[in-house]
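Multiple structures are listed underneath, in structure tokens.
Next, two complexes with chain A in common: one pairs it with chain B, the other with chain C.
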Partner chain A sequence: MLWVDKYRPKSLDNMNVHEDIAENLKKLVSEQDCPHLLFYGPSGSGKKTLIMALLRQMFGSSSEKVKVENKAWKIDAGSRTIEIELTTLSSTNHVEMNPSDAGFQDRYIVQEIIKEMAKNRPLVDAKGKRGFKVLVLNEVDKLSREAQHSLRRTMEKYSSSCRLILCCNSSSKVTEAIRSRCLNVRVNAPKEDQIVNVLEFIGKKEGLQLPVGFAARIAEKSNRSLRRAILSFETCRVQQYPFTSNQAIPPMDWEEYVSEIVSDIMKEQSPKRFAYSYTSCLCENFTFIIRKIIYISHCGDYFNFGYQPDTHSILFLEVLVVHRLLCIFCIVLCRLFQVRGKIYELLTNCIPPEIVLKRLLYELLRKLDDELKHEVCHWAAYYEHRMHLGQKAIFHLEAFIAKFMSIYKSFLIATFG
Partner chain B sequence: MTKRNAFMVLSSDEEDEKSSSKLKSFFCRSDSKGQKQPCFSVPRSRSCKQSRIADEFELFGEDFKEVFTGVKVSNGSGTGTRKELWADRYKPCTFEDLAVHKKKVDEVKAWFEQKIQVSKGNHDSNVLLITGPAGVGKSATVKVIASHLGAMLFEWRVPTPTIWQEHMYSSNTGMQYISKLDEFEIFVERIRNYGLVSPSITGRPLSPVILLIDDLPLTFSRIAYTRLKNSLHLLVRSACSPTVILITDTDHSDSANDTTRNFEELKSFLEEVGARKISFNPITSSSIKRTLSKVCKQERCHVTAEQLDLIAKASGGDIRQAIASLQLFSINKNVSTNPTLSDSAERKDGNPSGILFGRDETLSLFHALGKFLHNKRERESTDFLDEDTFPIRDKFSRLPLKMDSPEKVLCQAHGQARPITDFLHENVLDFIDGDAVDDACVVLSYLCDVDVLLAIHQKNFSKNSDTEKVLQSCAASIAVRGILFGNDHPAPPRWHSIRKPKLWQVEKTALHNKDKLLWQRDKFHHSSDLSVIATEYTPVHRQIQHKQPDIRSATSMENSGAAGDGDDDTSMETDAFDDDEIEDW
Partner chain C sequence: MAPVLQSSQPWVEKYRPKQVKDVAHQDEVIRVLNNTLETADCPHMLFYGPPGTGKTTTALAIAHQLYGPELYKSRVLELNASDDRGINVVRTKIKDFASVAVASGQRQGGYPCPPYKIIVLDEADSMTEDAQNALRRTMETYSKITRFFFICNYISRIIEPLASRCAKFRFKPLPQEVMGSRISYICKEEGLNLDDEVLSTLSVISQGDLRRAITYLQGAARLYGSSISCKDLINVSGVIPPEASEALFFACKSGNFDLANKEVSNIIAEGYPVSQMLDQLLDMVVEADDISDEQKARICQKLAEADKCLIDGADEYLQLLDVTSNTMRALCNMPEDFTYEA
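For the complex of A and B:
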């Protein structure tokens, strides 16, 4: 079992972060009833842990005995029947599911399946009290608008027998109507020192020696995601133990891949390419480059790289500039094509395209000139929106990259040309 | 149904006669000196059919009758006023009438002369293979030459197919079903053994004999195909009189069809075996025009030169088609007394592209894609700034295209927006010059627009198919035009193969992997978000198992297995997929 699961707090009493929320939730359930709940907050902040603990608080340990069911539902939608397969996790008192798994058919799930589940339940529990069933819906923000609308209706209609616990990353993608019908619980990303505390706690439990500042470095790298921190902590442990204080904290492999893409986009060409790019630039009539090259070749022998940087420092700079320009111009499309292959690789591994785009932008911004940042961000936002409207993410990702290349090129021309 | 039954009764009346004579005659039709000596069984059934058709015309509406009063379709019994197709009536009888290029005719003629003169001496094959598109006058040429040489022409035509009811009927009377292929084999066998001796022509043994095989039997299975090939081989080897085999070229657009492929193969096979091959080209529109105007003169109908030109162009080198069009056209003119019809006829005349006839020209998808991607343009723009064109900035102006409007090409290729876009997206980068990032950016942003357009109807489940159609065609048009416009600096032309979109495979694998992830989620991670599993858990698993295989061996096995399987699967799927997809086009 991964440490993330192993050291997940089981009850509201021993939460290591968000103790205040836990306290409030305990008070809330102590009165036997609770409103609909909407947990929202960034990923890795502990929403899920809170929900599990809350369920345990409500129903005792029976909530942990879950069974996984994969069921195909047949839904009669007017003229045709639709078949949807959906996996649910259920215990006697609660059902948990990800309605957004059904993609664009999610509204049928909300309309039919949830209704079905909300209806069919024993209303009286062992002690003779009116019980209620809890439905946990994950990734509510990924539901389509229609689905959210029907969810609203379901909430009203079955509120007497059923409580909904919704969980999502961004509450802004949940309609106002749903938000107002729920008690909103914001779960913040834990602070870095909180993460350090948790890591040290785990380290103590595992009997590990933590060098000073190591946990802090992991916490810093984790981008305030507790899950991420614990996962990379475990990875470090597997890769090298005993820890050294300057041990590298490995990034996720896809992140490395994205930064590879970025360096591909911005990379300089090796000198081997020079002859080719020179001719191709000739064809393209980039007179300014040619002027520079002629100038340089008058001054010194560029092509055998035999000059000393300290004696010809100005010349060297020039050469670098020209070189860099040439690199940008030639075979860019070739590279664009390579980039496409890499993005395909990411998509095959089910990395969500939004996350790819986000990471791409993040990496680009790290390397960019301040002047360009604004424009690049603008286009990233534009294409992210497009991506949501569209169907095939690759079209939009690629368009963004091409746009960036074009901007970057004209920037370089303007600056160095 | 009733129609067919009625027809059945009629034709089966003569079945006895026909079947008794069938084996002997092999539907040989002697055709000497241009005069027809019709085969004995065919015309009767034809007249029966015709009367049926005439009856049916009675059933149609008044308009239709009015149109056809122009032609006067009389009952089969009528003789004097009976009209036949002009294409038949104006069959070429002399070399001057032939619209085929003179060189080709001479070539064929020379071959015949040589064969007839030294008919026995040499060991060259006596078989000539003539290929060409439909309606370029292959048979006509042979017939004209035969009559010129005074040769007797024997024609083997594919016998009329046996209908199922017919078969049922005749099987009661003890007739066995004979496949057309069998008939062909028997025929070839007979030709080889006995030559073309048939009782009707024994009186005139001196005139040379030419055998014309107009149509080969269709073969549907590999075995049948091999049999056909074998009997053709025999024929080529041992034919004792000059034999001509005609094979019609089919359009390449539907070459996915198995039968046509077989014909292609057959052609090269025949050539290999030793048959001489002469291929005819489509007839030039000028010579079609000449023939048409001759026909017009004889029919005394007045068609302007422009209209003739249009008809000739629309026929695509098919002279039979052209003459048929002309006939239809002149019918329309004859009934121009009817106000509504004349209206439409006038409209037709006014609008040149409105001429409804002409061959249906289709393009294969790849042909169309090639047109778009190669983006061929005129060298310089023909300045028509004088008219109502907008003044365009230099940045946005492009040279005129060297093709029809993109929408028309799309329409001809029967392309659907989504696959077209995918194909373009996959291939377009190859065709843009390596340095032109800006172009790539423009092209890709257009494709991105298209994707958004296409997604609209997908997401809205629009019941309205009209909206969907409009969206689809808009999207396709934007994709194509975007690519044509954006690719301002095309790469220097060279050979590119058009790849199948990798995207399809990626999507498939992604789905596959998603299922794997879902399964994993159910097993190990209590329903966390899928993206979290993909971005965080799986990489960590990978890293951990890399170093320490004994940890979570279960999952690691699963994972590595999944990865390995995935790869194998995809590679295998690609092949299968490839075939399937391409076949579908």
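For the complex of A and C:
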């Protein structure tokens, strides 16, 4: 088992981080009176762990006996019937699902399925307590507006028999109406020293020798995501043990890749690259054109159309001008062409485009001068927004890169002439 | 049937006024409705106003008061956005319900029981325009035997022909005193101790939305027991503590991009909602004395754009960073915005 799962706290009592939240949740449950909950916070901060622990606190160990089901629902929507399949994870007392997986049909999921589920009350146990069922919905921020609208009344209507636990990354994307009906629980990303503590705890359990500062370095690289920290800790363990104090912490391969792209983009401005891209991209076509022109001029001579050296040289000059323009164009184009390959590589490996863009910006900001940073971050925000409105992410990623290259180029020209 | 614990009911439902006269602060509406109760006659009605001001409560209360518990089910049809309300439903369900006449009114058990039915369309602004159009004729045809109550947040989303057929009532956001008195009533019932400072904090963070105030109160009461401090309320409500937003603002003033970037990443890592951050930033900018009007305008414009982008689903970090960078440029008088060409 991966360490991430192995050392996931099972109950609210032995949380490593967020003890305060756990304490509050325990109070909530002990009063047998649980409101709807909305957990929000960045990824890897422990939302899911808290939810699982909370369920355990509510229903005891029965909440851990989950079965995965692939349910199909038939929904009668006026003139047609819609079939929706959705994977659910359920135990006797709770059901967990990811309604946004249903895509644009998520509205029906929320309207019908939740209604139906909320109507079926669970049996009461011998002590006659807990007449409610818990429904865990993941990624509510990805639900469509309509689905969120229909969720709000459902929440009120079945509040006596059903509790909802919602989980999302950004609560800005959840409508106000839903937020105001839930008890909002903010789960912040653990601080670096907290991560260090957890890593040291795991190290002790596994019986590992940790050099001084090693855990701190992992924590620093983890971007405050505990999951990531533990994963890279385990990777280090697999790579080399015993640890040495200056052991390199392997970065994510896609991040490497992005920083390669960035250095590609920025390096491009040098003359050597210029020549290279020129030859590789346009050379063949261009020599072909030149040959053609020379051929024509010779033909003219041959057919006695009147040999005029002037026209030829003018023609040649024009060709040269065109050539120059093409070259400049080609720098951007050709580089984009190569970069495109890399970006496609990332996208086909299922790295979400927003994350690629964010990482690109991160790498760029590290290397740029202050004056440029404002503009670059503006365009990053602009194209990321576009990406959500548009269809294909690659367009917008490329547009951002092209935009950056043109900004960077003009900045270089302005500074160095 | 599982026993439903009394305490498991949200306070919002528990303290929902049962009678029209208990609805707080909406005097004109109540006067008209009381008249209705006496004469048992009422027009089509359209309730609009911000959330948490008592629109649904009023509509349900009047229906209950008119018919009493027995007849309520057969006389009132309540539809809201969680029911399917496409054009089909309007054509079939609503029409079927509306077209069946009821026996002429006889007072039953102290309720007026007027000879018409009521259809309550909650959250009517989320109905499609087609569905609303389909309603026009239905409303007129069956006006003798049916009354419609529309409830919505934004009256502009209701098509004009529907709006003009109704008596319109605007529900006002609740002022602090009204809210305070209602909250302290609930506190008394639930045995909570709240001092005046906490009460006013609650009114401020809930911005005239009584439902929100009660939800926060219940959340805080569950988490922290019977004595609640301002900090607890802020924790529960998801408002960003002033220190965090001030730190960001300060970073903007400093003109140091990397500092601001760090501050932004920190806010995202702490999990604060960015839309809330924009709200608070706006308040801070508008109220600040040492910023010129032009600077304020520049900042506000960007805030509005970012808000729209967030609604479209754009990334929180990038938007906040963009806002921050723009604010910094405005505050430190750096060059103007970037044009879209070039």
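We adopt the following convention: the second predicted complex is superposed on the first by the 348 of 417 C-alpha atoms of A that agree within 3 Å, B and C clash if a C-alpha of one lies under 4 Å from a C-alpha of the other, contacts with A are read in each partner's own complex, and residues count from 1 in each chain.
Criterion: a contact is a pair of C-beta atoms (placed from the backbone, for glycine too) under 8 Å apart; a residue touches a chain by one contact, two chains touch by 3 or more.
All of these numbers come straight from a predicted model, not from anything done at the bench.
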{"item": "Joint occupancy of chain A by chain B and chain C, clash or fit", "value": "fit"}
{"item": "Contacts of A:S222 with chain B and chain C, given as first, second, both or neither", "value": "neither"}
{"item": "Contacts of A:Q111 with chain B and chain C, given as first, second, both or neither", "value": "second"}
{"item": "First (chain B), second (chain C), both or neither touched by A:L389", "value": "both"}
{"item": "Which superposed partner A:N16 touches (first chain B, second chain C, both, neither)", "value": "neither"}
{"item": "Touched partner set for A:Q194, first chain B, second chain C, both or neither", "value": "neither"}
{"item": "First (chain B), second (chain C), both or neither touched by A:T235", "value": "first"}
{"item": "Partner chain in contact with A:Y344 - chain B first, chain C second, else both or neither", "value": "first"}
{"item": "Contacts of A:S63 with chain B and chain C, given as first, second, both or neither", "value": "neither"}
{"item": "Gap in Å between nearest CA atoms once chain C and chain B share a frame through chain A", "value": "8"}
{"item": "Residues of chain A that lie at the interface with chain B and also at the interface with chain C", "value": "389, 406"}
{"item": "Chain C partner contacts - residues on chain A that touch it in the complex", "value": "24, 27-28, 31-35, 40-42, 45, 77-79, 110-111, 115, 121-124, 128, 130-132, 146, 149-154, 156-157, 159-161, 170-173, 176-177, 179-184, 186-189, 224, 354, 357-358, 361, 365, 370, 373-375, 377-382, 384-385, 388-389, 406, 410"}
{"item": "Residues on chain A engaged by chain B in the complex (per definition of touch)", "value": "1-2, 5, 43-44, 48, 52, 66, 68, 70, 87, 89, 96-98, 101, 104, 138-139, 144, 169, 227-228, 231-232, 234-235, 238-239, 250, 252-254, 280-281, 284, 329-334, 336-337, 340, 344, 347-352, 355, 383, 386, 389-392, 394-396, 398-399, 402-403, 405-406, 409"}
{"item": "Chain C residues within the chain A interface of the complex", "value": "1-5, 7-10, 13, 51-52, 80-84, 86, 88-89, 122-123, 126, 209, 211-212, 215, 218-219, 222-225, 235-238, 257, 261, 268-276, 306, 309-310, 312-319, 321-322, 325-326, 328-329, 334, 338, 342"}
{"item": "Chain B residues within the chain A interface of the complex", "value": "425, 429-430, 432-438, 440-441, 444-445, 447-448, 450-452, 454-456, 458-459, 502-503, 506-507, 509-510, 513-514, 517-518, 522-532, 534-540, 542-544, 547-548, 551-552"}
